[in-house]
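In the two complexes below, subunit A is the common chain; its partner is subunit B in one and subunit C in the other.
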Partner chain A sequence: MTRLLGKQPVGALFVAPYVIFLAAVFAFPLGFAVYMSFHDYFFAAPGAIVDRPFVGFANYAAVLSDAAVRQSFVNIAVFLVINVPLTVALSLVLATALNKAVRARTFFRVSYYVPYITASVAVVGVWLFLFNSNGLVNAILGPLAPDPSWLVNETLAMPTVAIYVTWKQLGFFILLYLAALQNVPKELYESAAVDGAGRFGTFWAVTMPGVRPATTLVVLLATVTGANLFTEPYLLTGGGGPDGASTSPVLLMYQRGIEQGNPDVASAIGVILVVGALLVALIQRRLLERD
Partner chain B sequence: MRTASKPIRVLQFVALLLGAVLFLFPFYYMIVGSLQAEPESSPAGAFPDPGNITFGNYREIHGAIDLVSSLINSGIFTGGVILGTITLGLLAGYALARLEFRGRGAVFNTMLLIQIVPFQLLTVPLYVLIVRDYGLADSYLGMILPFAINSTAVFVFRQYFLQLPRELFEAAHIDGANEVQILLRIAVPLVKPALLTAVLLTFIGPWNEFLWPFLITKEADMQPLAVSLANYISNVSSRAANPFGAILAGSCVLAAPAVALFVALQRHFVSTNLGSSVKG
Partner chain C sequence: MRRILAAAVAIAALASTVACGNNGGEATSEANQARGPIKVWFSNNKEEVAWGKQFVESWNADHPNEKVTAQEIPAGKSSEEVIGAAITAGNAPCLIFNTAPAAVPQFQKQGGLVALDDFEGARQYVEERTGEKAKQYESPDGKLYQLTWKSNPVMIFYNKALLKKAGADEANLGTYEDFLATARKIVSSKAAPFAIWPAPSNEFYQPWFDFYPLFAAETGGKLLVEDGKAQFTDDAGKAVADFWSSLYKEKLASQEKYNGDAFADGKAAMTIAGPWAIASYGDKVDWGVVPVPTKTAKPAEEIFTFSDAKNIAMFSACANRATAWDVLKAATSKEQDGKLLETTGQMPMRQGLPAAYPDYFAKNKPYETFAAQADRTVEVPNVANSIEIWQAFRDAYSKSVIFGQQEPAAALDEAATKIDGLAKQ
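Here is the complex of A and B:
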């Protein structure tokens, strides 16, 4: 009996609600999404018995031949190329500075976390105000202000969204790096000092390798967050404008799946996005863990 | 560790200060703008004129969206998620840390794996299931269901329960306490800081969540504030001549509870628990 159920089978009872939750909210929908993507799935009245034939890769073919979808994947690539390196660099540098005994440390920690804990919808309002054509940013830049302005400019819209998300999320990644910095052995810093390494040399030779597992995690989470991008382009650029230049795949999933009633096509976009994100994550991992 | 020389320390402090200004300025600007009759976007507008201060924007946004009922909806949504996470999450975290049962490793590994499944990708199937099949559109239950247990909180609980000394549990077992009693009378009182961390972490999610409640609430009187404010931003701002005052006032109302809670509890918002997963 003990061998079959373990020493304390009551534990299985304790985790049962959580396991049911994971099955119902993650596993089943994930499988359901894959199922929908291979069938002609459409909305029908609840309980109605309708035929939803298997269509093979037809939904995928529809998705891949859709210029708007291809554009959205290019957009998300632009987003990741700006957002991920910026996130890693800024959060590591700020966490290293915060990790030292500085005056007013609590104040700094709070200021860096505040954007992260605030609703995106709330801070989007003030960014719209700051970055509109007559906004404060352009008022300060004067003749240097871009024309057309930031969020309605085809080249600048996606980078502006990427900068916004970097700013918004940085607090969380600083937190992860602060934890990782606790685990870098103090002796390594001491021996670096004995060897006469400068500040930059120490950072390069001790801190960076010491927090490498955290870097892997930060890159992975920043990539996943990027793949999830929806609220920011939806609100900052009025639904992914100008002319689709800031549309994200999740935004298209919403438009195709729920607004236009094609959940099968939306699921195909989702499956491609998951597979793509996993591939990118694998490649990043390979690159980061290579010595 | 070497102590940096004085000029370098000063430089570091100045850099941190500059960064903090960049991070805090939008919040300051949000408050200032929300209190001006017509928010000024010239540099002078960043310095409020005491004679020009008004609560008119708050009245205006309250006229466009019922702030009180939106806040109540946000509160019920968030409260439901916190309740689910605390009760079911404590049970799961305790079992994963302290009880040996078949499948424990599998549950734990699944939990870690799930952190990398982007939730947004599940929105279409979840929408089909919850809205179409179960008919839970425009209901609190439908809003709460996908967030009912927060895996990060389960992880935090597990880490805290693991840190408690084994002897405590052995003694309780010898005294004949059952697992529920041990959990409620011994383990939970000892991990109060974990409870605060979990409440804080859990609060941020649903309070700030936009996509899911946006998808499943079509009736205005069921929408949380994040959704009604977003609808105001995307539908009204293109028409109104000067919509920013009202938007900024709504933003302040939406931001205030989370920021206040965070500042009050920030001591508990510590990295060690979250970061345990980072240890390499």
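Here is the complex of A and C:
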């Protein structure tokens, strides 16, 4: 019994609710998705007599030979390459600035956090107004404005989505860095000052190494939330347009699984996405945590 | 690692057990004879809700033992998703008064629908009410899983003031050439930023409001897919694609999504919609309506369009199906059809509509045009993989016609090959 439940069996009781929750809302659906991806599966009414044979890797073969799916993975790679470094750089710089005794510090902290807590549906309307051909951004750029405009431009659509998501999520990541900055010992800054380090030198030699665990977390979270991109291409670029240039794998999962009634194909895309995101996260962790 | 593997195997085994458990069960044919209270869902269109409320009140007053409980379709990204989820969960209502014909093949595949042919006289009832058109709604197995209810024949609305400002003749919209000439005048005169603004987004149903009505008009009522083969690669389909392509190339139509109603807001001088939209224009726009254009001039009484119909389906979760069938008939009686027309302005799918409600159409002249058009409508093809087929078409159309990344003719040919494959499955 002790071997099974440990020295403090009551501990198992305390963790049980969370374990059950995790199993019900995460482990079971994940396992079920894997099951669906190996079967000719579709949702059916209870009691309906349906045939869902095992099809091996047929769904994976269909997915990998689908040009739209391959493009969605390229799109999400473009998104992550822009979004993750930009998120880390901006949130760290802004958190460092906000950590100082600047005037109206609370106002700025709230300003950065508001987009994060505002529903995407509401904010997307503002961005459509800003980035359409007659929008504010193009009015400011004048003859330099791209044609076709940002959100219907095959090259610029995904970077625009990446910048939008960076801006929207920034408040949350600034918060993480602000918490991490509290743990950087003041003495290190004092030593750097005594050694004659300037602002950049202090930032490079003290702040950045001091918040490295937070950076690992920010990179991981930005990658995972980025890989799950859905709302923005769905709303901002009219369903992954133009011509699929901003389609994300999750948007395709929604189209194939929910709209078109092929949850087996959608599950195969999902499993590939999970494996891909895990690999990227693993590489990031190796790179960020090495001394 | 070994523990994770063991857990994964256990989960997969559990999943397979659950999945197998879902396969069993027998059709409950007794339900077809059963009577008692039932639940129904209406769309969330406020005019339809008002009609539904009066219908349910009148039914409940006469049938105290077979009460109907009504509610709006629960919120979701689309009604079809919510209905699909309800079928899977086994809690779909008996009747849904907003079933999209394009979703019927999927609901049928899910085992979620009841064939109306199971009820005595059902086929005769539908055919007498709707006429020949009812055939378009038959499923590939020869059965009817939807009762044809109401259509919203799609036509071209134009803003009289903006056309006047552009110096364009409102009667000059019948052919592609005339339409393009008018569109050029609207944009060059800056009467409106765009001549017409169909949604350029990529949802599977968007062709119903740009390509498909014009294709129906050009072909005299062909479906997108007939006898398992795509029909749009002929001259008619290519002419329609070229027409829309010209509008986008010349920036007479916008490649960008409009957040709102471009026609109601005066950002486009024309729009393509059904009579349901009239209520939303209110006093904002002084509008006129004409049939969709064709390549060469055709008399209005020969022009077909997309029906944009919404039907009523009975769901297999229904325990009291005899009551549900009676409710279906009562809700589509001549009296209730008249009330639906008055309350919503949408066209009941009833033969000889203008003659059936002469007083209404005498008082509401603009609706008479839609009633006349309602006799010449085509539906989405009732084939397996319907939504996948429309998405494949939209992807090709979007790439070529809207964004000019490929020649429309080549894109349509590629889409046809893909769609032929899907239709065969």
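The rule is short, and it goes like this: the second predicted complex is superposed on the first by the 271 of 291 C-alpha atoms of A that agree within 3 Å, B and C clash if a C-alpha of one lies under 4 Å from a C-alpha of the other, contacts with A are read in each partner's own complex, and residues count from 1 in each chain.
Just so we're on the same page, a contact is a pair of C-beta atoms (placed from the backbone, for glycine too) under 8 Å apart; a residue touches a chain by one contact, two chains touch by 3 or more.
Nothing here was measured: the structure is a model prediction, and the numbers come from that model.
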{"item": "When subunit B and subunit C are modelled together on subunit A, clash or fit", "value": "clash"}
{"item": "A:Ile258 touches, of subunit B and subunit C: first, second, both or neither?", "value": "both"}
{"item": "Touched partner set for A:Arg103, first subunit B, second subunit C, both or neither", "value": "first"}
{"item": "Which superposed partner A:Glu289 touches (first subunit B, second subunit C, both, neither)", "value": "neither"}
{"item": "Touched partner set for A:Leu217, first subunit B, second subunit C, both or neither", "value": "first"}
{"item": "First (subunit B), second (subunit C), both or neither touched by A:Ser149", "value": "second"}
{"item": "Comparison of subunit B and subunit C by subunit A residues contacted", "value": "B"}
{"item": "Touching partner for A:Asp195 - first (subunit B), second (subunit C), both, neither", "value": "neither"}
{"item": "Touched partner set for A:Gly241, first subunit B, second subunit C, both or neither", "value": "second"}
{"item": "From 5-13, 77-85, 95-103 or 131-139, the subunit B stretch with C-alpha clashes against subunit C", "value": "131-139"}
{"item": "Contacts on subunit A seen with subunit B and repeated with subunit C across the two complexes", "value": "28, 30, 32, 43, 46, 125, 128-129, 132, 134, 238-239, 258"}
{"item": "Subunit A-facing residues of subunit C, complex", "value": "7-8, 11-12, 14-16, 18-19, 22-28, 78, 80-81, 84, 87-90, 92, 106, 109-112, 193, 199-204, 255-257, 259, 316-317, 385, 387-388, 391, 395, 398-399, 402-403, 405"}
{"item": "Subunit B to subunit A touching residues, read off their complex", "value": "1-2, 4, 8-9, 12-13, 15-16, 19-20, 22-24, 26-27, 29-30, 33, 39, 41-43, 45-46, 88-89, 91-92, 94-96, 98-104, 107, 110-111, 114, 116-129, 132-133, 135, 145-146, 148-149, 154, 179, 204, 207-208, 210-211, 215, 226, 229-230, 233-234, 237-238, 244, 247-248, 250-252, 254-255, 258-259, 262-263, 266, 269, 271-272, 274-280"}
{"item": "Residue ranges of subunit A touching subunit C (in the complex, touch as defined)", "value": "27-28, 30-32, 34-35, 39, 41-50, 52, 68, 125, 128-129, 132-134, 148-149, 151-152, 154, 238-244, 255, 258-262"}
{"item": "Complex contacts: residues of subunit A adjacent to subunit B", "value": "4-12, 14-15, 17-19, 21-22, 25-26, 28-30, 32-33, 36, 43, 46, 94, 97-98, 100, 102-103, 106-115, 117-130, 132, 134-136, 139-140, 167, 170, 175-176, 178-180, 182-183, 186, 189-190, 193, 199, 212-214, 217, 220, 224, 227-228, 230-231, 234-235, 238-239, 250, 253-254, 257-258, 263, 266-267, 270, 273-274, 277, 281"}
